[in-house]
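Common to both upcoming complexes is chain A, partnered first by chain B, then by chain C.
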Partner chain A sequence: MDEIFNILTRLLMSLGHLAIILVAAPLLQGFIKKSKAYWQMRQGPPILQPYRDLRKLMNKEELVSEHASWIFLLTPRVVLASTLMAGLVIPSVWGWAPLSVWGDIFLLGASLGLARLFLALSGLEGAGTFGGMGSSRELFIGLLTEPALILGLVVLAFITGTTSLQEINIGLQSISPLFIPKILVLITLVMVCIAEMGRIPLDNPDTHLELTMIHEGMLLEYSGPSLALLNFAEQVKQLLLLVLLAHLIWPSDLISLSEGPFGMLWALGFVGVKVVALGFFFATVESLFVKRRLFRAPHYLATGTACAVLALISLWIIGGQI
Partner chain B sequence: MLGLREYLQSFHSCPGTVIIEWKKQEAIVEVPSRDLPEILTYCLAMKPRPTWLTHVVNDERQLGRGFCLYLVLHFPGEDFSLTLFAKEIIDEFPSLASIYPALNWSEREVQDLFGLQAVGHPDPRSLVLHPGWPKGFHPLRKDYKVGDERNEFKRAPLVFPEMHGDGMFQVPVGPIHAGIIEPGHFRFYVNGEPVLHLEAQLFYTHKGIEKLLEGKSIKDGLRIVERVCGVCALSHGLAYCEAVEKLADVEVSRQALLWRTILAELERIYNHIGDIGNMCAGVGFALGNANGSQCKEKLQRLNLEFFGHRFLRGMVVPGGVSSIPGSQDSQSILNRLLELSKDFEDWIPLLLDHDGFRQRTVTTGILKAENALDFGVTGPAARASGIANDWREHHAHLLYPELNVKSMIEQDGDACSRLLVRVNETRESFRFLDTLLREAIKGPASEDKGTTPLTLEKFRQFAPAWGCVESPRGTDVIWLMLDGEDKIYRCRIRSASYANWPAVPLTAPGNIVPDFPIINKSFELCYSCCDR
Partner chain C sequence: MVNKESQSVRQLLMSISVALAAVGLVWGTFLISQGGEWIKTGWRFSTDAGAGLSLTWKMDGLTVFFLFILLLGQGLSSLYAVGYLKEYEEKKKSLVSFYVPWFLFLGSMVGVLLADDGFTFLLTWEMMSLFSFFLVLYEHDEPQNRKSAYIYLVMTHVATIFLFAATLFLQAKTGSFAFQEWANVVPSLSTIELNLIFVALFIGLGTKAGFVPFHIWLPYAHSAAPSPVSALMSGVMVKVALYLMIRLVWLTLGPGPVWWGWLFLIVGAFSAVVGILAASTQSDLKKLLAFSTIENVGILTMALGSAFLARSWNSSWAMDLAFIAFFWHTLQHMLFKTLLFMGAGNIIQATHTRNLERLGGLLRRMPKTGFAALLGIVGITALPPLGGFWGELMLFQSLWENTIHLSDGWSKVFLPLAIGILALVGGLSIATFVKWFGISFLGQARSPAAASAKESDPVQTMVPLVVGGLAALTVLWPAMTLALINLPLSVIRTGDVIGISSSAVGKPLLMSSVYLGVILLLTTVIVLLTKRATRKVTATWNCGAALTPSMQYTAGGITNPIRVLFAKVLGSRPKVKGDFAGTQYSLRSLTYTGSVKEVTEDIFIRPLIRGLLWSSAQVRKLQSGSIHLYLAYLLVTLVAVLILGS
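And now, the complex of A and B:
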């Protein structure tokens, strides 16, 4: 009986995990926009605006370039699916990850990589110059962010002795917040997250200034439901990265159904507050910095990678071995 | 201008050269068109080097003079302007573009709109009229009657130079852009991200305003000229009024001059601050952009409140200004401006000391001083390349001589220098406005109503006159000729943007594609008054 109960609990919590991600992703986007508006002394769009935008796009007609092949229509679906796949290995608000111990950190990297591959391909599909420029720049940035991301996560795996993100979360609870390798890794991950979310100083999510765009460049040919899916996938990815960061910065306990509804709501609220704080932090960074010159992007990302390498070395020095 | 006069008098082909008028500061000299290249070469070699104000071709066949060409040069050292006037041009004239590249566009425009050939022009492609207009369509000829010309237009592709090589791409951008800007097509020739060459194709919104102005009364003309664009509305109107006043030989009262100067400076600060904010948008610096837009909006609301129009339209009229605020209003304007100036000083360090912002703008889009000189670049764009050519300093008009204006120059010619010039000019303008408004608060010394209505004056007929004002983008020149019934015979609008646009493509090569928006925004040129 216990076995079945456990499986059912796990299933329910996994569904809850997915549902929360799907529902909360646009809300986070709305909140970040509102925070940026605050810094710009504007009122900004209502916090629920991203939901309305998605609904609007879902009901719009879709135009497909005559040059486009099946990849063009497949991409939005693949991108959303692989982003959700990444979501399954990231610990939920209750500390659980539905697909734990399946080589999580590599699955996370691979899912994001798959989404990037398809996006870059679809950028070329419209046979327009902006899409091609967007794809080329995206791969250029991706080439530099992915090693930093994986390296950062691997250092965390060394610290906690596991590659499961759920176990890393639990393992980090017993690590001092001033543990040098951990701080260095967090710096890496914050920098990588900015790059992955396509935010200033690497990309500007608000602009359609054709000549400078990266992520928007690849989406330029999309319209209607496909664009909605891609925008939604981007919001989900943003939420996932912030949840992951929140868990790594302030690890939270494993919460099970036995804690009762109050305990579960409390955990939800706690993670919510952490994510909101991080979102406000990123909005602030975005308001205070300018977009860097494209060819200076390697310097920024090299700093991130260097932090991860330093973390590895300091871990080795402190622990005597890896 | 000693020397110049002797040179022109002793010019070897004397029969054709006639000094029509030679006053202390202005002269008109008639020369045969074939001698223009030699005379221009002589003038350009003079120190300090003269700049062009405007280049006008006029169809005066009804007056028995054939097509006439007027080239107005200004010699900054002596504040002297010389109009070279060549008449009896039949179907061609010698091109001056290779001697003075500033005239490149102007001569191509003449080829399009008058059907005269500029002989020896290095790049005789059509400019204003895009391919698709029929042969023989020359709308500025007097015998062309406006009406159903739109039926004659057939769509045809634009022609661009070819470029071949490994990894070479052409990136077409526009004419429709993402954003609320006017149409212009840019074609980048790139190898990866670095730009090798840029072609800018403008004149998508050529409205035929110069043709529209023909036959209009002076009053209607002002209304049209003020609406040529929404950037330098007041400068256009002011330059037009100066030209009209020259033709009527009237002096404007001191009180009117005072308020004209105030208005011109108000236009400058709201534009400069808006442009500074816009540059921030080019690098995604939201905070700077928000501050700039906010400050500009406050200034435009001030314009609306005290002068009835956000772009200050309708304030300047021939003979004076349409209304003069009382001393209480002047005091309120001054108080508001002091507040805004403090606000400006509060947020501007945010930009100037911002590492990321400097990193994007320093060494980006360099305009070399020699290019700026050759292309006759004007305004902040030229001053950022070390050319001290502020019209307010070089030409005694309005109350500028009393304000002792100095050109704000920077040496590097990059986007950051253009920004710094704007910042320094804004500070200076706030200072000028402070001085001017303190005088305005005291009120007129005597019974000075400010305006002399031009009703009884006799206008000179079929005589050329120009007005020139330093607009926020640079010198804005209106050239005017009236006919026998005091209607406009020909009005040529040479805006600052028209003079500066040809220089923009020069600054792109060597930069990467994502840096072009910031280069373009550092010039912040207007499409409408260029296209007209």
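And now, the complex of A and C:
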């Protein structure tokens, strides 16, 4: 009986975890847009605008290219599903991940990879030039991002002695914020997050100019509900990465049901503040820099990978192991 | 028209091949389920070869696992061949030169797996090389294929010389060919002798497996052969070489020094990166798959390396993980590579071209082949939910365990770097297979041949789907796959059988079914929620201009950023020539020529060949053809013999 109760609580908490991610994702997008508008001295769209955009798109008729196959329609669904799979291993606002198993840092990278595979395939569906251009560039950026992301997370795993993001979050609580390997890894992960979110200096989410777009290029043929799903998936991914970063920069406690509703709400607010601060940070970064040429991307991401390698070496040197 | 008689011969022979595989699998499963000591210690038998020689054979858990891979591959490829060979009949091409080597090739592979002494091993190994050579040569009317088969023959024989050297050396030491005797004498060998034997075996077996830089034959041979043969060569034959790596190096030569493990790990990482980089720039449907085989062999070799290192460092946990990764990936790669070669075979028969630049839009014309191929690319790029990912996860875990097991040293930096390299290889393989699938199956047809393609024979579309189903089954029911992996593991751990499916070692693998279930559930829910959308089919947005097939991204274009970034490794030197018709600004025409070749060819194989030719030329100076010189030789020899004899 206890067993069943435990499973039910876990299931319920997992659903709650997913629900929070789904509800909060467009809000974060609205906030980042607003922050960027602030730096550009504009008023910007209302913070709730992303919800309205999604609702509008969901009710629209969908146009499908005559050259497209069923993969074109399957992609938005798979992309959202695999982004949510990535969300299952990321600790929630209560520091607790629904799927906490050995090596879930790799599951995170691989789930994002699955989304990338389908998106890149769909870019080729329309038989146009823009889609192919987007796919080609996305694959290129993706293959450079992957090693930096994995190495960065692996170093964190070595710091804490575990490969589960939930445990890493707990383990990092006892690490000083000035621990050099940790700082180096965080630099890596911030750079990787910018690349994964498709933001300046690697990609510009606001442009539809054919020469510069990467992510938007692949989405060019989409309209209606499918576009809504893809935009939503992108917002979810953005939220997940920021939540993850927030947990790594300021690790939070594991909050269980016994803390009572007030304790749980407080934790939610705490993580909310951290994510908002990070969102403002990324909006600032995006306002300060310019987009770089595609062939500058390797330098940028190599810097990220190098930081991860340095972090690894410094970790063992500080530990006196080499 | 197809001759009725030859049709029934084809069906009969291929059915026999399928039936043999099926009987083997069922009988094997029955024997295994009975249990018994023989799985650990081996069951020996011998056949009299006449002239006082007898061939000895042994079957243990390790053999059983690879026999399973072989028989499964044989059954699936033979079934596929029933449909695939029809085209040759229609072209009135004799199939006798296919059937005979086909059966002998399969038989000799079984022989290699069962061999228990050096003589039997070399005999069956040579047979395997020879009959696969005949299969590669089957479409010999094309000069390209003759060249491929020739390169294969030369490389495989150069490699076999190393195997002969190792075998004869050990035979001279022990006076016996038996592997068991060799294992007994190994502790008494000096370090140099042991290392020399190891290097000889590494080169000899590594060439067959396709280790970089001994791999140059592989892309030629695997792509020149008819598709069912390519599937067998890529899916099974390279694994036979890796089987021997375990049988001869791990089990016979014993633990060995630490550098053996590093050699495996580094060569594996190098093979994986070079293989997938070369694959990503290929525009030949089958050559791309062959290069991807090199990548996967690299990953398997890295797993072996991790296992060797774990053995040297006494970390049995990491060793188990590395071997689970190795066997899991062996199975998965066999399934997915077989599937993809079958898909490539269907495309080639439907369009009569292997050039990706002439394909496109095939998914609408060949929906079943396309669906199976989609499963194949998700599996081969090591992405969840299919099997490729879970093997790599085990390898990650093994490298991780090895690192934290060590108390200090630079190894703690290099091992995690291997994880980073695997991540890079994963990203590159996504790009490669998006190109393979996207250019051939999606978009618009790039040639009339692709526009008029027809779905293949029902058998040819059914078999890839069956393979895809089997691959899904291994993930849905990981405990069964782990039970299979337990067989070879019990031999490697020298008799210590553990129920890995219930112990913590295999635990992450059990997640695979959960992951598959949850992602399917989520996708279904999202599909159901967005079902009621109205859709309209329209033209692709092209800024108002008409859309032509040539506006799509090409196979060369989609991975061009990779080619630019890794230009040095890929030896890419593109030339752009513009015709400005005498003016400075008005461009009349633009020609772009670019080619890639592997840098290993330039820095390893060609210098090797040059060095060989040079030394041959030096030796030839002795044979100048002048009778006076020969008389002088005789005189010198005579004097030398007299002096020595006195």
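In this text, the second predicted complex is superposed on the first by the 310 of 322 C-alpha atoms of A that agree within 3 Å, B and C clash if a C-alpha of one lies under 4 Å from a C-alpha of the other, contacts with A are read in each partner's own complex, and residues count from 1 in each chain.
Here is the rule we go by: a residue touches a chain if its C-beta (ideal position, glycine included) is under 8 Å from a C-beta of that chain, and two chains touch if they have at least 3 such contacts.
Predicted model, so just to flag it, every value in this text is computed and none were measured.
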item	value
Touched partner set for A:218, first chain B, second chain C, both or neither	neither
Which superposed partner A:295 touches (first chain B, second chain C, both, neither)	both
Partner chain(s) touched by A:278 [first = chain B, second = chain C, both, neither]	neither
Partner chain in contact with A:54 - chain B first, chain C second, else both or neither	neither
First, second, both or neither for A:147, with chain B first and chain C second	second
Which superposed partner A:129 touches (first chain B, second chain C, both, neither)	both
First (chain B), second (chain C), both or neither touched by A:255	neither
Dominant contact partner of chain A by residue count, chain C or chain B	C
Shared chain A surface residues [contacts with chain B and with chain C]	129, 133, 294-295
Of all residues in chain C, those that touch chain A in their complex	360-361, 363-364, 370, 374, 377-378, 381-384, 389, 392-393, 396-397, 400, 403-404, 407-410, 412-413, 416-417, 419-421, 423-424, 426-428, 430-431, 433-434, 437-439, 441-444, 507-508, 511, 514-515, 518-519, 522-523, 526-527, 530, 533-542, 547, 549, 551-553, 557-562, 564-565
Chain B to chain A touching residues, read off their complex	169-173, 177-179, 193, 280, 282-287, 289-291, 294, 354, 356-357, 359-360, 512-517
Touch list for chain A against partner chain C, complex	58, 61-67, 69-71, 77-78, 80-82, 84-85, 88, 99, 101-103, 106-107, 109-111, 113-114, 116-117, 120-121, 123-129, 131-133, 135-137, 139-140, 142-147, 149-151, 154-155, 157-158, 161, 163, 220-221, 224-226, 229, 294-295, 298, 305, 308-309, 312-313, 316, 320-322
Residue numbers on chain A that touch chain B, as the complex places them	36, 39-42, 129, 133, 200-201, 204, 206-212, 286-296
